[in-house]
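Read through the structure below, which is laid out as structure tokens, and then see the notes.
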Amino acid sequence: MNDMQFLTWVRGTGLDIAVSIFVLGVLWRLFEIYSLGRKADLAAPRDTPGASGWHTIFRRSIPPQGMVKKSPVSYIGGYTFHIGLAIVVFLFAPHILLIKNLTGLSWPALPSQFIDLVTVVTMAAMVVVLADRINKPVKRYLSTFGDWFTWTLTFLPLLTGWLAVQHLLLPYTVMLALHILSVELLLIFLPFTKLFHAFTVFGSRWYLGKINGHKGVAV
Amino acid sequence: MQGPLIDTLARQGVTRRTFMKYCATLASMMALPPAAGRAMAEAMAAAPAAARRPSVIWLPFQECTGCTESITRSHSPSIEGLIFDAISLDYQETLMAAAGHQAEEALHTAMRENAGKYLLVIDGSIPLGLDGAYSCIAGKSNLEALKEAAQGAAAIVAMGSCAAFGGIPKANPNPTGAVSVSDIIKDKPIINIPGCPPIPVVMTGVLAHFLTFGSLPELDSKGRPKAFYGETIHDRCYRRPFYDQGKFAHTFDDEGARNGWCLFELGCKGPVTHNACATVKWNGGTSWPVESGHGCLGCSEPDFWDGGGFYKALSMPADPLKMGAAAAVVGAAAGVALSFANRGKKSAAKSAHETTTLADLEK
Amino acid sequence: MSTAQRIVVDPITRIEGHLRIEAETDASGKITSAYSAGTMVRGIEIILRGRDPRDAWAFAQRICGVCTLVHGLASVRSVEDALHRSIPSYSIPQNAELIRNLMIAAQYVHDHVMHFYHLHALDWVDVVSALKADPKATSALAQSISSYPKSSPGYFAEVQKKVQTFVEQGQLGIFANAYWGHPAYKLPPEANLMAVAHYLEALAWQRDVVKLHAIFGGKNPHPNFVVGGVPSAISVHTAAENKVGGQSGTAVNMVGLQTVQNVIKQMRDFVDQVYVPDTLAIASFYKEWGGIGDTGGNFLSFGDMPMKSFWDTDSYLIPRGVILDKDISKIHPIDLDADNEIQEFINHSWYKYSQGDDQGLHPFKGETELNYTGPKPPYEHLDVEQKYSWLKSPRWQGKSMEVGPLARVLLMYANTECGAHRQTKELVDYTLQTLDVPVTALFSTLGRTAARTLESKVLADSMQGMFDQLMANIKAGDVRTFNDQYWDPSTWPRHMHGVGLLEAPRGGLSHWINIDDGKISNYQAVVPSTWNAGPRDTLGQPGAYEAALQHNHVMHDPKQPLEILRTIHSFDPCLACAVHVTDPDGEELVRVKVK
Amino acid sequence: MSASLEKGVRVLKEVIDAPIASYFNSCVHCGLCAEACLFYTETGDPKYTPIHKLEPMRRLYEQEYTLLGRLGKLVGLSKPVTDDELEAWKELVYNSCTLCGRCSAVCPVGNDIVYMVTKFREGMSASGHAPEGIIGAVNRTVTIGSPMGVKLPAVKAQMKHVEEDYGIPIPLDAEGAEYMVMLSSMEIINFPEYLAAIAKIMKQAGKTWTLCSTAFEATNAGYQIGNSDLARVLVMRIVDGAEKLKVKTVISPECGHAYSALRWNGANVVGRPFTFKVQHIIEVLGEFQEQGLLKTEGFETDRLTFHDPCQLARRGGVIKQQRNLMNMVAKNFVEMPDAGYMNWCCGGGGGASAIEEGEELRLEAFKKKKSQLDAVKPDRLVTACANCRIVLEEGLEHYQMDIPVVGLTEMIAEHIPDQTAENGA
Amino acid sequence: MPLDAIPIVVINPSENSAAADRGLSGNAPVLLREIAQLTGRLLDSGEASAIDLRALPLTPADLDWLRETLGRGQVAATLEAEGESTLTETVCPGVWWVTHHNENGAVASEFIEVTFVPELLKAHPDDVRIGLEHLELLISDLS
């Protein structure tokens, strides 16, 4: 298989397989998780404005008071890499095009130099977060194979994408193919690893907000 | 700057200044540093003028004659310049006067007289199906003709994407079993000059290099001269700044298209295509595909015909995703099935509930 | 030549591709029957199946690198026709039609000139004889027939010197082993020298005029097209508003349009001052070829150069129609969809039809299944009683047709009511008068070659009008070049079919496409050389090449098949060929290696 | 698998629901919950990371309710939960967790870890892995009526004592009263002033109220041990009492867990909504203050600070009221760092204070409270939870800090003008 | 129709004058530093050097900017050899802007040369020798 065939495969059959497993996995896992259901709360609710599942989905994106000081690396590194990822994934023109092709939705892109910068910052943040995981007793204690594996799965698309754009290490065609392949691996494993938090985080926050909101606590 | 070649050129009215200019421009085109132009001028000037013009034999196989047409569009050196001053084009079906057995004889004479020295140029792919009956010249299969001609060749130039990589005949489902020259010939130096067709100046430039230095230029992993195929179209494209700014043409006739914004969204394969179109341009520097508004087809890359569609951006799926809907159904079905299993399990646990008593607290 | 002969000439050179012809001569050396065979196939119709119809043009274009744009454009038109048949409001901006016309016309002029000088001329011009010419006399000759500025004695002396050096070196290259000195060459040395000089001039000229294709299509060979218009957006800006800096966004800017204007002028100048005078001058030495190479008198043209729209055939510069039995007083209309009009037969072609090989199939129902039954290579000859070619045999109402410049010129000649074609009539009449030959001389090898020249003039002249119209549109603020409605195949009806017609330099071209679910389900290209070079059909009727060769060809020396080349080249073949000459009894006689 | 383990697993299967599944899938092992947990911050031992305390339940969830987990169990990649493991986890689930909810407050993906711990305790208790101390408390509550063994006569003695001291009658089993007041046994034994304070306040507010002879004990050890069945038994006593006396509102005393158990969990364990309201005494006081029914005189002048009981503030949504009440009677009120919603637990909630073997750890964790107090150096510490009060006093004594702890209700009552005279006149 | 009859069709009203909108890639200003460095080297060691402008990712706007910035100096030379070549000294003496056109007038290559006199302008000793022979012939013709 030459590099062009490799690229065409990852853009064609490979993508098809990856997206299919992703869609299949996401639906299966969402059903599996949320079909367990929850009993209705019979306690009389206390109504406080701002205390609800929806509010919590957004409110939890802001660090609670004092916590940034407690664990600056987790917060700054984590926020940087999540926001960076979002920018790179959703505001880079070629990615928007893919999303447009798959969903029909599109929006304006950011200049690629900026995306480039964000990618580097994101990768740096990820490396810092990784170092933190190795150094911090709690994180090291909690970490399993899955944590190292998913870090790699997330890092590879950034690295390969950046290398491809910068024309480093391997010819662009191969690098682009590796980039797409790494994204496909990410898609394939996402529903079955802790990466699935990308989906359940909303459900979790909503439940937290809902359960506590019932008590009048805006969490 | 002295030497037989420069003297010969001088006799033809080429001054040293002209020659230096030519070398500077050639070096620029071949992406060599400016100093190389002077070095090249000196090397070429010092090269001994051949007693005979080197023999070039050009065999057409599964081709469309586009490569031949392309070389006739070469500006510097021009095709007539090559034929009259630089090479002896002893066999070229489209241009040669003789036909039939006279042509065959010219071929065999040239092969005999220049054994071991001639440059063999091949355009078109070679079909292996039906014992080669898909393409025959003089009743002889291309495969046989290639093997015979390759024996005495000093080097082989696979001209165009068909000869270099199999090209359009090899496109899915490859009905005739077409292959490239390098799939067949393993014991001769082969230089691939892909493109559909290749840029004329690339063809003549490589010929000139071989004739001047007697060796092949440096090649990349796909057998292409690095000087011309070392960088991608995208790298050298004048529209690259727009890509970087995120400005794209969305159709062939919108504001972006008229302003010359990046054609990535319209399927341009510039980022994965190694060729010199963006710098050398076409037809005497008049224009080139991207400048005229159509994305690069990627024609100098192997199997570009099966690269997923010319209007699909590289970041778009090469084929429509076929399994997605099925996967969604399967995923939902699996999810629903698991839901029922889980809820069943849960209610079973619930109905088996035995009220905990104080005694139960103690194990 | 005292016995019947069977001759094998393979390859026929100075054509595009691989063609083989088999013919038989009687004892006098006269050809009694000839067989034309395409010996190369790539299966592009098969490769196209299942692909995105918008991509098809690029594949189809690679059918031929000489015709280089016609297949691409025919393919684009086939998809557009499919859309138009399903969605009648679907249209192409006029600017796109004009740009396409300019590109087609430039292709004609470029291709015809190159054919005449580089592919055909060596059949009539003895290069070696040019060495004997007197440059002064050559200059006088040149000046007597044309006002072309490059006609000084010094100019011709230089050309002669160049050829001299070349010949003296002993390496004739592409001119080696040819038929120099053959008695069929009748030009005086001065005319030969002039032609050789123009051979070189034309090489330089053709390089420049293809810039028109480079402006609109990005490159030549194989310029780019797009379904729905042309891909070259018009980029006319002031420098101040110019976003790219020194030059406008696309190649179609002020500089590019100026180049186009220059090319048009260059084309007209060369045709008027070199091509037309040379044709007339050379033809005057070969008038007997006005009686050789008649194909039987059936001509077909699909028409082209829509001034308004592809679907408005009344706006075509070149008319559509069929002429039967040389009767130019009656133009027969063509029904593209009628099952019994355009059909392809394969009795003698290496294909298989699912319903039996004897029937003819309309291209919309066409099938392409390769079925090679010929000899295993290396082979000496083909069995012409059986299948012997990779070409199919297209027929109109069961009749063999000639397509190409002669067909078009005859149709324009027959349409004199239309203003544009008065020029054609005048040109044809002037030519016949100048050469002093009867009108029947048109149906010949000479007529075919002359028609090509005359057509070049008509088209080169028409280009200025097209360009002016384009400029007027731009001036009026209309810069539209592309219709992006229905660009996405997901917006198309599930089942469509269409035909893209185009008059290629070599004749009527048609691409037939069936589209199901946005993908090509069947693709059939019926190309000019299939009409002309196709083998015999079910009824045994010969194709145009075969018929022409069977008309009045007496081989001076079968070892030097110059006569065959003249007639075959007069069609400007677009494939690789071979010629077999077999005994009328079918008995194989002495196999003569033609050397 | 032992029968008890089997039962525990069955109970867990019953209680694992969508929020828990969602939470487990959302956890990214970021470890931020550890930073919020005083058992981790004061010991530095990563095993006290809140989410880690749920590890056996996580595995059980995956093995029971996810396809991949089932496969993993099948091929031996995922080990089944054992008695030994649960026994080892007892310390993490009970001793080192006070259900204070700070971890839930900081989790970036929104996992309600306390919610999960309460569910895990269902399985732990059902499988016999609850700590002795809490089991004892449950036993006493169910069999005797109160975790500290207080019976009705003891309550009556207190009532009498208050009536004598303050001259205010304490109603018992008064049908149709607006409020039914609950007590915690700690108040009956250690803080009798509470009952007096209620009497004074109710009198000033002019509200009718009553104690209930069959349901005076508010503490719900069943809730603390995490057993709904036993919690239900205890809640039902209150429900029966309240419905029998037809009161409008039941007042939960100054006890955080009692409030959570009745206010938020009660209806759910009995399986139907209450016919009466449940309010914490601080909520009631807040209402009285708002309605102008609470009038005080004079101010405390020494430096006071307030310890927010977790169940009242963070888990109960009552934060402003206690501050308004403080300001009513205190001139020199200062807030500790992190006070309010993010206040640190005393270290003894959720039943932890009942675990003898957990004392050392509790005292270690108390350093957090110590540092909070060190930051403001109060003269006295006010709170609104009897359990907090006891744990705080223990801790302060251990660290030899001389800061008395007082109940807010009592402090308010002290500032209510003497009503005996008025009324007696 | 003459081309100048075409009115200017404004497809895009100019929005603002941000560098990016004018097509500047930002690569040109860097070149100035390189040129300065090369000029320093020329002064220090006499070593001439050249920058191939086609080998750099410069937009036409970049080139315009550079040309405008460097300006035109006092010396300009034209060479007629297979198309015109122009060698123009910029306002910085020793920095030359060299443009080679092909026979069709298109720009074939473009350099900035940092040298006292561009190599191309100097007569080659061999040519001078031929010139001398020619001169001697002329002189001998005088007598």
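Lettered A, B, C, D and E in written order, each chain numbered from 1.
One rule holds in what follows: a contact is a pair of C-beta atoms (placed from the backbone, for glycine too) under 8 Å apart; a residue touches a chain by one contact, two chains touch by 3 or more.
Computed from a predicted model, the values in this text were never measured in an experiment.
Trainee: Which chains make contact with chain A and with chain E at once?
Mentor: Where chain A and chain E share a partner, that partner set is B.
Trainee: Using the touch definition from the top, what's the fewest steps needed to get from chain C to chain D?
Mentor: Minimal hop count between chain C and chain D: 2.
Trainee: Please name the chain that ends up farthest from chain C once chain centres are defined by their CA atoms averaged.
Mentor: D
Trainee: Give the identifier of the chain nearest to the protein's overall CA centre, each chain being represented by its own CA mean.
Mentor: B
Trainee: So the centre of each chain is just the mean of its C-alpha atoms; given that, what is the distance between chain A and chain D in Å?
Mentor: That gives a centre separation of 38 Å.
Trainee: Suppose each chain is reduced to the average of its Cα coordinates; what separation in Å results between chain A and chain C?
Mentor: 59
Trainee: Roughly how far is chain B from chain D, centre to centre by C-alpha average, rounded to an integer in Å?
Mentor: Taking the average C-alpha coordinate of chain B and of chain D, the gap between them is 76 Å.
Trainee: Report the inter-centroid distance (CA atoms only) between chain C and chain E in whole Å.
Mentor: Result: the chain centres lie 45 Å from each other.
Trainee: If you look at chain C, which of its residues touch at least two other chains?
Mentor: 208, 235, 243-244, 479
Trainee: So which stretches of chain E touch two or more other chains?
Mentor: 11-12, 20, 23-24, 59-60, 104 - these are the residues of chain E that touch more than one other chain.
Trainee: Quick one: which residues in chain A touch 2 or more of the other chains?
Mentor: 28-29, 32, 35-37, 111
Trainee: Provide the residue numbers of chain A that touch chain B in the complex, in ascending order.
Mentor: Touch residues, chain A against chain B: 2-5, 7-8, 11-13, 15-17, 19-32, 35-37, 93-95, 97-98, 101-102, 108-113, 167, 171-173, 176.
Trainee: Okay, in this complex, where on chain B does chain D touch?
Mentor: Answer in residue numbers: 334, 338, 342, 345-346, 349-350, 352-358, 360-363.
Trainee: Quick check: in the complex, which residue numbers of chain E touch chain B?
Mentor: 11-12, 20, 23-25, 49-52, 54-55, 57, 59-60, 79, 81-82, 85, 100, 102-104, 106-111, 113, 119-120, 124, 126-127
Trainee: What does chain B use to touch chain A in their complex?
Mentor: By the definition above, chain B touches chain A via 221-222, 232, 234-235, 243-246, 248, 264-265, 271-272, 274, 298, 301-304, 306-308, 312-319, 321-324, 326-328, 330-332, 334-336, 338-339, 342-343, 346.
Trainee: Could you please specify the touching residues of chain B with respect to chain C in the complex?
Mentor: Where chain B meets chain C, its residues are 52-53, 55, 60-70, 72-75, 78-80, 83-84, 87-90, 92-106, 109-110, 127, 130-141, 144, 167-169, 171-176, 178, 196-197, 238, 249, 251-254, 257-261, 277, 282-284, 286-294, 297, 305, 309-311.
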